[in-house]
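This report refers to the structure that appears directly beneath it.
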Amino acid sequence: MTDTFEPKITAFVCNWCTYAGADLTGTSRIKYPSNVRVLRLPCTGRIDFMLLAKAFARGSDGIIISGCHPNDCHYTSGNYHARRRWMVYRNLMDFMGIDTSRITFSWVSAAEGAKWAELVNEVTEGIRAMGPYTEYQELAHAGVE
Amino acid sequence: MDLIEKAEQLLQSGDVKAVLGFEAGTGGTRRPAFARRPGQARRLVFDDACVQNLASYVTRKETRRLGKVAVAARPGALRALLQLMAERQIQEQDVLPLAVDAAGQVAELPTAQAIEEHLALEPGPVSARDRELLDRLGKLSRAERWAFWQGELGRCVKCYACRNSCPMCYCEHCTMDCNRPQWVPVPSHALGNLEYHMVRAMHLAGRCVQCGDCGRACPVGIPIHLLTFNAEETVHAQFGQRAGASAKLDYALSTFRPDDKETFIR
Amino acid sequence: MADQFQLSSASLDALFTALQGDGRRILAPTDRDGRTELNPVQTLGQVARDYVQTALSAKETVFPKVEQLLSYSMAPGQVELVDAEPRALPTVLFGIRPCEAGGFAALDAVFNWDTRDRFFNARMEQLAIIGVACTRKDDACFCTSVGGGPGSTRGSDILLTPAAGGFLAQVLTDKGRAIQALAPELFAPAAGLAAPLAEVPAAFDHAALTARLPELFDSPIWDDQALRCLGCGACAFVCPACVCFDIQEEADKKAGRRLRAWDSCGFAMFTLHASGHNPRPAQGARWRQRVYHKFATYPDRYGMLGCVGCGKCTRACPVDMNLQEHLTQAMAPVES
Amino acid sequence: MSEQNIYLPHLMRIAAITDEAPGVRTFRLEFVDEAAAQAFAFRTGQFGLYSAFGEGESTFCIASSPTRKGYIECTFREVGRVTAGLADKEVGDIVGFRGPYGNIFPIEDWRGRNLLFITGGIALPPLRSVIWNCLDLRDQFGDITIVYGARTVNDLVYKAELKEWQERPDVNLVLTVDPGGETPDWTGKVGFVPPVVEQLAPSPDNTIALVCGPPIMIKLTMPILRKLGFAPESIYTTLENRMKCGVGKCGRCSTGRSYVCKDGPVYTLAELGQLPAEY
């Protein structure tokens, strides 16, 4: 069964750095797995924790969150704010028993096309090894008579 | 002066329109009570069985309508009052907190500074029992924690007693009641419960005064206060501040330091 | 008068086996993680001892907190509706108290007074109730004030009363007789035996209360009483007689489902119009609605009270909105 | 024997959409299932629950007249999740309908009586059903007067039909818009509905008054009608309480002993006097 498992990975990326970086990966003709669905948001500061919860609930096996390096935010401090929230949220999710190893946070700049490819590769293989996030996905149908 | 005398005096003088305290409840318990006339002050009691956080009343419109209230406050309520001031929901002059000492003597805490000074003498907010629960859960494997919380949250019926008893849940339009978009499912099925408690904890991160009233309010006994406690403990450990410590506290998650330290971003 | 028998604890345990042999699951109060709550059990030994009440009521067996009413799939210009069949398992509800057993009639009154609610009825049909009379009470109990009692047979198919070495059993209905017929040898004759019950003194006269409520509608006592009410739904959700529900839609672009979930008249959202207008804008009006619906509307519309005096609301309330006490106060509003 | 699922809607195809006013639309709906269409009948005053699949159900009156067969119409303003979902629909799309629910305007009892309709804004739809019902049986009734107001000229709904009523010799239509809501070519009145009614001073003799509007309009109009001599039994209105089930179970519309979904939505002022003012 695991042979046929193709991980579904959702990437929430900021418009200015990581999205541009991922674009560069493409224009540089660097190949990377197609398991990732990229969702572009204006800034990591916009990546509400509920987006992560919704991604898992809708069947993602893994999540990537990526934006501008510290000090590089297009809006000056969106990524700093985001970082604080992730620090709290990641602990909370772990405390609730949610598998935080399925969530990868990263900074990928517009110039780091290769880093993006490497990241997606690693995450895809990591999630492939972990298998589908069944225990969370089953929640969608649980508790209804 | 004891609490009853103090309440009578305050009501008599008209300094406050109501004294919010505790009275005897069912089966030896204590419950919140509003003394609005001097004659009603006799009902008031204050002891270790008084557990509810009375600060949750001061932002309710039914209470605001009464006018200025005095609050016979336990430490959790005092922290909540400071946090409400920090969030600009109340002002010093809206409420008169009353602290009751072990001998039953009452002190007025008319300013934020007075509350802060009084609280400085109190022990930390997290009880030994809750500390132990947090530690015990922290030591479980992730899968065990998942099983624990799924078992617990499966009991949730979404009565919102946790939300409504929380002094910091004063929003007139709670995100749980908004449906455009419908972020969190309304029904109390598995996903609806998990997301609700996740949102509740996140919305209280940096704001939770760790009174534990949500856990006490739960009619099916879910220790949900541990979720907000966890979030608040992260805020304290990482950002060095605690909600309810000062009336001039910035919200931990609407600010940042360039050198905030994390270990997980690649 | 119902047929009366004697069951030893061993016989009752054997009856559990017989019931499961008949394909029925048994739900009973258990002590799990320090909480008394309904759970599936296999043996009498798994049933909680010395409990007064479970926190939640047994209504969830016939009116679950979330149930599906229908589902559908969508394509441009097309909708495919799928009817939902309630999953109604043959169930014996063991060990609930007479007050709670009486609550099913209040649910039935609403679900079936006009059109019939298939979801409730399908589950009700599959449900048999073996109630256990109360030998203990607590300060929240007030069954005798609302026409019930610690040994009331209303709603039970079989009512057991703890007695030395086992139970006295009153077999009350056809469903009860069908259970007895599974293992008739376990039911020993016991004519004339009696067992002591809890003493629950009546606190108020419910008929007088119902008669009085219309004139009290504009009384300030409701606002006064509701001052400490937090406006949560704990009282309604634990109530064996509260029926109010919400209907919620959950869907993505392609498919969806319509769910029924418990709701409460205590929530400000309950009556809020889309325009922002709220017919019951303050907690006092919402608290009054709760009281009036149970003690004025129910008697008027359905010829019964919407309250069984189980006291679950009082126990569940984070701020001790003691219903019995508030009703007693309504009957004699004397305040300094 | 398994019972019917009373929460299962009929599927309806949108046959026509009319934009009435900013944010206000009318759907003409036809049953997808022919047998359901044949079995369906309703009377004026009744309402239904309309599904925007994916969003939920919302309650509106049936705004068309039972004398017009083969379809029903509903008119709604986009204010919430469901109405926004409905507003996204196009002709040919499928929506759901449960109904007809509730009581009726007893127009059979009104033969030979004069009819006075007083309404404002988006509350014309329930009365539009009655108006067409009575106009289609025109010879059974005496004078028909309609007072209708809206915030602005643009907010008046059923503009084509208003024109038609205006031109009919057997209808007395009085249109008004709130001060400031008039256009340069506006020929109707300017002012709120209650004072317009007061000024019009309709005779209560042999007359039934039907009042539907926003709560404030109803509140201010009722005393004027009473002062003019209308008996509480001759004044009708509809209540718009929030509903979920529509069949007297979910408890949401419960007002005193009344379920608005079962005992209403049509009430006389005399009946309203028996209910707590929680509407």
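Which chain is which? They are A, B, C and D, in the order written, and residues in each are numbered from 1.
To be clear about the criterion, a residue touches a chain if its C-beta (ideal position, glycine included) is under 8 Å from a C-beta of that chain, and two chains touch if they have at least 3 such contacts.
Just so it is clear, the structure is predicted and the values come from calculations on it, not from any experiment.
*Asks:* Can you name the chains that touch chain B as well as chain C?
*Replies:* Touching chain B and chain C alike, sorted by label: A, D.
*Asks:* Does A-B or A-C have more contacting C-beta pairs?
*Replies:* Comparing A-B with A-C, the pair joined by more C-beta contacts is A-B.
*Asks:* Which chain maximises the distance between its CA centroid and that of chain B?
*Replies:* D
*Asks:* Please work out the Cα centroid separation of chain A and chain B, and write it as a whole number of Å.
*Replies:* 34
*Asks:* Suppose each chain is reduced to the average of its Cα coordinates; what separation in Å results between chain A and chain C?
*Replies:* Taking the mean C-alpha position of each chain, the two centres sit 46 Å apart.
*Asks:* Chain A to chain D: how many Å between their CA centres?
*Replies:* Distance between chain centres, rounded to whole Å: 51 Å.
*Asks:* Between chain C and chain D, what is the separation of their C-alpha centroids in Å?
*Replies:* That pair's centroid distance is 39 Å.
*Asks:* Please output the residue numbers of chain C that touch at least 2 other chains, ranges allowed.
*Replies:* 66, 246, 248, 252, 259 - these are the residues of chain C that touch more than one other chain.
*Asks:* Mind pulling the residue numbers of chain D that touch at least two other chains?
*Replies:* In chain D, residues 80 touch at least two other chains, as defined above.
*Asks:* Residues of chain A that contact two or more other chains, please.
*Replies:* Within chain A, the residues that touch at least two other chains are 143-144.
*Asks:* Could you run through all the chain pairs that touch each other?
*Replies:* A-B, A-C, B-C, B-D, C-D
*Asks:* With touch defined as at the start, can you tell me which chain B residues reach chain D in the complex?
*Replies:* The contact residues of chain B facing chain D are 179-180, 182.
*Asks:* Where on chain A does chain B make contact in their complex?
*Replies:* On the chain A side, the touching residues are 49-50, 53, 57, 70-71, 77, 80-81, 83-99, 104-107, 119, 135, 139-140, 142-144.
*Asks:* Hey, which residues of chain A end up touching chain C in the complex?
*Replies:* 58, 143-145
*Asks:* Tell me, which parts of chain C touch chain B in their complex?
*Replies:* 33-35, 37, 55-56, 65-66, 138-140, 223, 226-228, 230-234, 236-238, 246, 248, 250, 259, 261-262, 264, 267, 269, 282-284, 314-320, 322, 325, 335-336
*Asks:* For the complex, give me every residue of chain B touching chain C.
*Replies:* Per the touch definition, chain B meets chain C at residues 25-27, 29, 31-34, 37, 39-40, 52, 56-57, 60-63, 151, 155, 157-161, 163-165, 177, 185-189, 192, 213, 216-217, 219-221.
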